[in-house]
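See below for the structure under consideration.
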Amino acid sequence: MRLYSIAIYLFLYVPIFIIVLFSFNAGRHASELRGLSLQWYGKALANPFVVDAFVTSLVVALTVAILSTLMGTAAALALQRLKGTLRILFDGMIYISIMIPGIVIGIATLVALVTVFNFLNPLLASVWPEGVKPLKLNMGYATVIAAHTLFTMSLVIILVRARIVGMDRTLIEASTDLYATPWRTFYQITLPQIFPAILSGFLLSFTFSFDDFIISFFVAGANTTLPVYIFSSIRRGITPEVNAIGTMVLAVSLILLMTAQYLLHARTNR
Amino acid sequence: MSKINKENRPITSEKLMNEFHRYQKGSITRRHFLEVTGLGTAMTVLGTAMPSLLPRKAHAFGNLGNRLVFATWPNYHNQVNLDEFTKMTGVHLQMNAFGSNEEMLAKLQAGGTGWDVFVPTNYTITNYVNLGLIQPLDLSRLPNYDGSANDPMFAKPATVNGTVYCVPKNWGTTGFIVNTKKIKSSPKSWKDFFDVTMGAGSGHTIVHDYQLTTIGGALCALGYSFNSIDPKELAEAEALLIKSKPHMFAITSDYQPGMRSGDAWMSICWNGDATQLKNDLPEMDYVIATDGGEIWTDFYAIPKDAPHLDAAYAFINYLQDPYIQAREASVHGYAPTDSRAIALQPDSLGSDPILHPAAELMNGLEFGAAQTMTDPVRAEVIARFKSA
Amino acid sequence: MLDNEDSKPNHWPTAALLMPTTMWFVFMLILPLIVILIFSFGERAAVGGYAASFTFEQYANLPARLKAFQNTMIFAPIGTLLSLFMAYPLAYYLAMRVDRRYKFILLVLVIVPFWTSLLIRTYAWIFILGGRGIPLMLEWIGIEGVRLVNTPGAVLIGIVYGYLPLMVFPIFVSLEKIDKNLLEASNDLGGTPFKTFMQITLPLSMLGVATGCMLVFILLMGEFLIPAFLGGGKVFFIGNALVDLFLQSRNWPFGSAVSVTLVVIMLITVSLYMRLTMRTKTGRDESLM
């Protein structure tokens, strides 16, 4: 069994190793190794479009994570009180937003929003005050954030709800018996207990949004997220610059993880 | 005509090519190149007649912003030119590569692309004009463009209803490329192409992933026109394609990696890619099929809602400079349409059979027709082929 | 909020908390789905796009993409099962056999590849399976002419590789939760390790297995990158068909019909699957969702 696990880890890491190795390629083509150099890291960092794409991905992912955590937690709490058809309806929609393939929602959102914008933009232009440039609705930051949040919000609802279901109700009862206000009960009893679910929801939402390609490909408009940039790099003739980007993202994630691990251990002191 | 160098002795065309290659790669400066090849004197003389040939100062450009997004094809530009443009103007370029005009059209139709410049092929221009996706060019902002210097056969599609919508980039042909080390039979026609695909080259052929060239090649193999939209002929072409599909290596317009790695031995190919491949791998042979094929022109155009219009004009203007055109051509391997640029190319390029094929081979080639782009039957055929 | 039975039913907080979510569902889920449903009954405009109409011809044309549907319906379950069989032993090892100190770090090491972009990882496989990778190494030991890239096998490898971490995680979580005392008790009562596994461990881990399988299956049904890269354009999934319809043929109505069909297929398969796993599960009414 141990041997098997080692084999699996090898399987997982050989491509990663190749990616990192080729990021140090002194040659131009990503398929032939010609000596080692750091040139591609320099080129990637100096390329304003790489930096742009990275920042865009970061901003979008953070916004998505925050929005979906807030809305999802609120919804999970509120859904406890819902019964009957309304409850079934909501459950259904949560279920569908998770289950719908990214490509379908990406395309459907693009088609729907383009149609709506084409309809609204002339209207806006006609009612807009003279001399001021009219507001033009376009695909961009807002649309890609909104599209990602649909999926991640439902994810958060599921995670938090599972945790709420497994919670100890007696503590809540005790709290209200002791005359605590609902807010206080929530803040001091409920929240700490569901916090792990909220945190994992936040992290998962961030990861999903940051790495998403399919939905961003369709609805991001002129803005490029990092995965979309990498895709068009691959299209135009892949250079080791892409490997450098991938390695850097990996390195940053590992560092963040180490920090989180350290902080967690320092806090809980197991 | 021999080029005279500084010591007033003619240099060999081989040395000229060497120096040209070094210049194109950026290893030597323009000044050194001009000196060594003696073109410097010529430049000074011509420079007064054509001021655009003299290097410009950056401040002459005014405020262009610092971004330009353009949509083009793979392996289609000289990075040295792009870098020089950025250095001169401070505008950073983002290049998006596409494998087909249909995809560019789909993106533009969906809206909000953010493109400032794009590279359409001749058969798409009227469609873009009809759909209102492209804007007419203000030629006064393109002083480097000289309409009369461009071969009218190639430049004609740029003008629709008397308005100029784009300027030519280069022209080319579509044939196929063969790795002669692996395929010994010397295929000469599209019929041969498909025969070899199902025979000696099974498992090692690439076809393009869009309708014009792939369906066109199949149509020619069957003796029909490259641009046919006749449903009967298209049905036969589809049958041929589907029959040969299991023998293909890949369906993609980015065929260079496959050819270079040796996984693919034959591919539908544009002649400039053929030049690039042949430079590195002499066993590559470019074939213009005897039963037909495509001849085309690519243009620079500006989409309707380009966000950085000033930068777009500056960029296109820069690229229309004959010197820059010649430098572009030396890397991507396609022939310019501009006679001034052609004059600047080394003689050996002028007689290169890939860039300038013999007249009788060219006779069988057709320019792509606009209706192939919008014809729903052709679109369905290629989709069914890919899906099969 | 969670309150006890004494308070008067106050709907406002609930409504307020649910309002943002509701808006999201309406605008970003229901609206797009309605639009593509409408479009699926339309016609392709002459130059591509949508032309208002009411016709069933798009749905009648679905068999033209039969192969794509077939490919997806074959590869998705196979890919899911393959990742399950590869992931389960690893998850078991991590949950049961590994020392507590190393569990976290080893688990994370499984997830880490997930943090490099899927695109780059898949592209690395093109290299490994291509002319300069494994086939080259095979040639060194004398096996010639092996073609690995642009085959259905390559796509399968890509799928398993891409989704393995996603499968390991839920299975690990549910295996971890198993009370070790149960296993001890089974041993004490004379059960062989195999019997313990079959009758205690496996059933108790089913929740994780179901979650993992569902996640992977859902993502696989919509996959288009892996077949595009590793299939060389020759292996067509529904995802590829959709991308092609919208980005090449620009046939929005037909693309919408295919999308609607895909959603319906998913609804049916996933509901069936859930019902199946719910029935075989023992224990509390723990909602999977």
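Chains here go by letter, A, B and C, matching the order in which they are written, and residues are numbered from 1 within each.
Simple rule for what comes next: a residue touches a chain if its C-beta (ideal position, glycine included) is under 8 Å from a C-beta of that chain, and two chains touch if they have at least 3 such contacts.
Being a predicted model, the structure only gives us computed values, none of them experimental.
Chains touching both subunit A and subunit B: C.
Of all the chains, the one whose CA centre sits at the greatest distance from that of subunit A is B. The centroid of the Cα atoms in subunit B and the matching centroid in subunit C are 41 Å apart. Our note on geometry: subunit A versus subunit C, Cα centroid distance of 17 Å, whole angstroms. Chain contacts: subunit B has residues 261 touching two or more partner chains.
Within subunit A, the positions touching two or more other chains are listed as 31, 110, 238.
Residue positions of subunit C with contacts to 2 or more other chains are 130, 132, 246.
For subunit B in complex with subunit A, the residues that touch the partner chain are 66-67, 69, 74-75, 92, 94-99, 110-114, 254, 256-257, 260-261, 307. Residues 1-4, 13-15, 17-18, 20-21, 24-25, 27-36, 39, 50, 86, 89-90, 92-94, 97, 104-105, 108-110, 112-121, 123-125, 127-128, 130, 132, 161, 164-165, 218-219, 221-222, 224-225, 239, 242-243, 246, 252, 255-256, 259, 262-263, 266-267, 270, 286-287, 289 of subunit C are the ones touching subunit A in the complex. Contact residues of subunit A toward subunit B in the complex are 29, 31, 47-49, 110, 114, 117-118, 138-140, 221-224, 232, 235-238. Subunit A meets subunit C in the complex at residues 1-2, 4-5, 8-9, 11-16, 18-19, 30-32, 70-72, 74-75, 77-82, 90-91, 93-105, 107-113, 115-116, 146-147, 149-150, 153, 157-158, 161-162, 164-165, 169, 172-173, 176, 182, 185-186, 190, 207, 211, 213-214, 226-227, 230-231, 234, 238, 242-243, 245-247, 249-250, 253-254, 257, 261.
Subunit B makes touch with subunit C in their complex at residues 100, 102-103, 105-107, 109, 127, 130-131, 203, 209-211, 245, 248-252, 258, 261-263, 374, 376, 379-380, 382-384, 386-388.
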